[in-house]
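These notes open a run of structures that come right after.
What follows is chain A paired twice: with chain B in the first complex and chain C in the second.
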Partner chain A sequence: MWKTIVRRILILIPQMFVLSVFLFLLAERMPGDALTGMIDPTTTRPERLEELRHQYGFYDPWHVKYTRWIGNAVRGDFGRSFYHKLPVTRIIADRAANTFWLGLLTVLLIYLIAIPLGITSGRFHDKPPDRAISFYSYFAMATPTIVLALFLIPLFAFRLGWFPFGGSVDPRAFSQGGIHYFLSRLHHMLLPAMTAALVSTAYIIQYLRSEIVDYEQSDFVTTARSKGVPQRQIYSRHIFRNALIPVASFVGYSITGVLSGSVLLETIYSYPGMGELFVSSITLRDYPVANALILLFAVLVVTGTLLSDIILRIVDPRLKIK
Partner chain B sequence: MSGNILEIKNLVTSFRIRGDYYAAVDGVSLEIKPNEVFAIVGESGCGKSALALSILRLHKGFYTKVEGSIFFKGRDLLSLRDDELNDVRGKEIGMIFQDPLTALNPLMKIGAQIEESLTIHTDYTAAQRAERTLELLNSVGMPRPGLVYGQYPHELSGGMRQRAMIAIALVCKPSVVIADEPTTALDVTIQAQILDLLRDLQRQTQSAVILITHDLSVVAEMAHRVAVMYAGQIVELADARELFHNPKHPYTRSLLESNPSSSSSGEGFLHVIEGMVPNLDRLPRSGCRFSPRIPWIPDDAHEADPTYRTVAPGHLVLCSCHEHFRFSDERGTSHALA
Partner chain C sequence: MTEFSEMTQTAESGRPPSFFRICRREIWSDKFAFISLVFLVILFLYIFIAASQVDPDGVVRVNLRKINGSPEPGHLLGFDPSGRDMYTQLIVGARNSVSIAAGIAAICCIFGTLIGLFAGFFGGWVDNIVMRVVDFFSMLPILMIVIVIVSLIPSYTVITLVWVLAAFYWMFDARLTRAKTLQQSNLDYVSAAKTLGTPNWKIMFTQVLPNIASIVIVNLTLNLAGLMGVETGLTFLGFGLPFSSPSLGAHLANARTLGPLLMTRWWIWLPSALLIVIMMLCINFIGQAFKRAADARQRIG
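This part shows the complex of A and B:
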């Protein structure tokens, strides 16, 4: 298993190289630069702009620029944001922490909701509990996150007042620190996490349900019945364990999904996360930030896939060998 | 009970097809004696497996209806509640399935799958269960039983898996073992080993074996008595020796004739039975069900309502058409086969 992990990480290096070149060229092709929008043409002479462009190396050939960029990036320096005038790593680090905690909570909620509901749905398929759960699933699948948020915010944030409608922490709790800070963070995350989870659970519920229904018909279940295994144990020992394997391997992918941040979710809840940062960095032509984010997302995708593979190897004995 | 360990009376097992129930097993009555190997033979689709699964009510899904009665040790298995039947399943009646790959849980170690019955049916301690399992792995001829105990099904070969399957069926020392095509999914060389094993184990354990197969050589090798099934009915029942030496029913005789090693058609011809077993929903439900496949036998040779006739002690044949059946007649018609 360690061999596999090391091999996968080694493959990551050429992948990232190719991606970074491609990415850099794309950003390079985009019209405009950071200076165009940032300096007031009525007070700044165009000659001064040209001077600055030369100074920042804007007219250097792309491979020179690329080598400069990637050389620094390898050392952990992604340059400074044109817009925020801060090191890219610091901007991303702040946002990444926000997104990470929100993502973690979302994944936790997804599986806390999906596994019991999926199991109930499969166990009692075509009976009232399954009908109710399936109704919810189809409803959730058909509802875009943003629409759900537009219903949840007025209800829970304004009418009931249970949750804040935006932000990531209460300023008072921020100054108090400690447990107050933590609780306030959690309080701010619950509604966005719930919104994302309610929609994503539907797929896992339906998948788990159909796995369970399939396994009920499998030969080894007939064998278990021929041994006199009671119905409850047939499900707990034989069916659920088999049905949960593919679902367990989804965990890696869902972590990738939520860690890249959701632009819509973060925007509508004005939650300062990476999705929101990514979109704003593109609209502001803040390429140092955008490039660094895309590289980070790529690493997330690969590690998420790797994580799924590792989980699969842990839970499925058929994959343990070699 | 008159010395029978299992008595099947007028068993009708029906499957639902597009809203209607069709009987795959249509009025079968059988008596199984202790310590005998009772074979049920027939083509695919004649109801053998449906019959085997009916005994422990193991059919999948809700689309099956099992009627009649199956007496085991004085109780009708078909009228038992599920939890009562679970006390019989695996403990008193063991079951061996056809495909040992799909019939084993891929996520459970072999040892655990064998021990599961012991956990349910006995109050053995964990150590006693392990001891019994290892002893059994030894007696089913499993190479390196200590290692296999902790292995998963995918780590074993087909033959080893079937040995594990046999161990699962035998672990609680059942008095009846139902083997549903136990060698069909195996290589020919492994088939012979597994058959030898089953025969040896049957002699040791003295349990009755109901052997479901379409392979007459398996029957010849193992069975004491044989029932030949066609289209949901038993058409002939006899001691194995009697059946092979003195087959009566046209279907039995055709089956024997179709066996490459015993074919008397000669000159490289293999006897083939005309037609095929009809689908459940097209099955003729009255008269002799085999008549469409021997069309040269005149209609009045069949009984309108076929009954069993005793042709020798313990030898029963359904319908009177066997009295008129000769292979040479078939060759005289357009049904000659190359």
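This part shows the complex of A and C:
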């Protein structure tokens, strides 16, 4: 178990190194430098600016600059935002919690929707409930997040007025604090989380269905049937348990998917998270923020994938690393 | 009856039915896939013929008095927020979105299949290197990196966008092809060909490739739908197609400017949204039928 994890992490180190070089070279091509966020070019003489650039090592060879950049990045210093004139780390830290809670709620909703539907679909395969669920999952696969949001927003936010549109918390609830604050946060997150969850369930549903259908024909189920185990128990004790094992490991991949989806989702709903921050910082040409976000997302994606593998090993000891 | 005679024919000739014949049977026996196929062919023909008939100046012709104008005779779908005829925008936009998705899918399919074939067939260190590169690409936050690259390229066109996207989506095809090739190269027919002294490239392209072709085709179809979604999302965020070329994603982006008027001015975004869903749904239905045809255990027909 530990051997696996250590090995996976060891493989990650060169990958993260290549990624950081790649990002650094991208960053080198981006306009602006470390002084852009601190000094107003209209009030500083160009000679002084050049002098400062030399002093801060703007003209150093790229590997020297890379070493300095990655050294700072490891310590959590990504430079200063050109636009907000604040350290990048602080700006991202302000948004990280919002994305985290929205992501958590989305993953919860995905499993709450997908597992019952997947089980029903597999249990009654090729019967009306399965057909209805399959139809839904085809639609879920074919609908981009934006399109679903465009259907849900006018219905739930404008016509019915059940959910607020945009933002992460009501200003009045913010001042009241406590339970009001929590409920308002939840209220603001429900519609975006629902949108993301509805389009991401299809794969888990189809996977569960095909697993259950496969297990129904397997030897141990035939044995259980011939012993006279009641139908209910065959499903609950023999089939579902086995079919749900791989689904547990999808959690990591779901986190990864939800994170990459956050760029679009948060922009549509004007939800102040990291994804929205990324799009706005690109639009404002605020590259230090964008760059730090990409690095952070890559680390999170890798962690999510690793988590999936580890969970799979824990729940299914038959899988041993070769 | 026809099916029966087909079966006896194949039995007599002693050859298993070809993938295309199985696909045809599979689509024929799945109502949804069949309707989707017929519908999609008609839709694509209509879109491409109608788009080629559109007067190029008409696409960008602006009528300032008709900004967000409602549908009227001669302009069945009204006007967009720039005062352009929405029906023309829809047709040309649909053609652009479909062509771009098809272009990216084709490039990814060609390169991904070739790379996967090499890695899987030769194995060993070739495979190791290729898989490490593929692993590296799959851990990237693709959407974000594509956005950064698009915003950095000074003069970028539709062609650039296609290549940038293809550069980050080929590894899914490569990984799949590699896995299938690895399975095939352990089979007897490959060893037999090797023993007979057949050159490697010949085994790869004339023997292994036809055996994995069905998987490649399935993947190509399903990718097409996925990439249409990606293009729509990118354009929606403002990092896809340039403003001068209409696309379905751009129409959805227009919807954001409407705010509470989203439902009253439905003609600006609803036709595009429905068109995307319908096209992706049809492609998925067909892709699923192909997928069943490629996997003997799941066939209906």
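Assume the second predicted complex is superposed on the first by the 280 of 322 C-alpha atoms of A that agree within 3 Å, B and C clash if a C-alpha of one lies under 4 Å from a C-alpha of the other, contacts with A are read in each partner's own complex, and residues count from 1 in each chain.
The rule is simple: contacts are C-beta pairs under 8 Å (C-beta built on N, C-alpha and C of every residue); 3 or more make two chains touch, one makes a residue touch a chain.
All values derive from a computational prediction rather than experimental measurement.
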Examine A:316 and indicate which partner it touches, taking first as chain B and second as chain C; both and neither are also allowed.
first
Would you sort A:241 into first (chain B), second (chain C), both or neither based on which partner it touches?
first
Looking at A:231, would you say it contacts chain B, chain C, both, or neither? Reply first, second, both or neither.
first
Does the superposition put A:220 against chain B (first), chain C (second), both, or neither?
first
Tell me which partner A:282 touches in the superposition: chain B (first), chain C (second), both or neither.
second
Would you sort A:205 into first (chain B), second (chain C), both or neither based on which partner it touches?
neither
Examine A:138 and indicate which partner it touches, taking first as chain B and second as chain C; both and neither are also allowed.
second
Name the contact category of A:107: first (chain B only), second (chain C only), both, or neither.
neither
Specify the partner with more touching residues on chain A, choosing between chain B and chain C.
C
Scan A:159 for contacts with chain B and chain C and give back first, second, both or neither.
second
Any idea which chain B residues touch chain A in the complex?
56, 58, 60-61, 82-83, 85-91, 94-95, 97, 99, 102-108, 116-117, 120-121, 152, 154-155, 165, 168-169
In the complex, chain C touches chain A at residues 132, 135-136, 139-145, 147-149, 151-152, 225, 229, 232-233, 236-239, 249, 252, 255-256, 260, 262-263, 269, 273, 276-277, 280-281, 283-285, 288
Note: in the complex, chain A contacts chain C through residues 15, 18-19, 26, 29-30, 138-139, 141-147, 150-151, 153-154, 158-159, 259-260, 263-264, 267-268, 278-279, 282-283, 285, 287, 290-291, 293-294, 297-298, 301-302, 305
Listed in rising order, chain A residues that touch chain B in their complex are 216-220, 222-231, 237-238, 241-242, 245, 316-318, 321
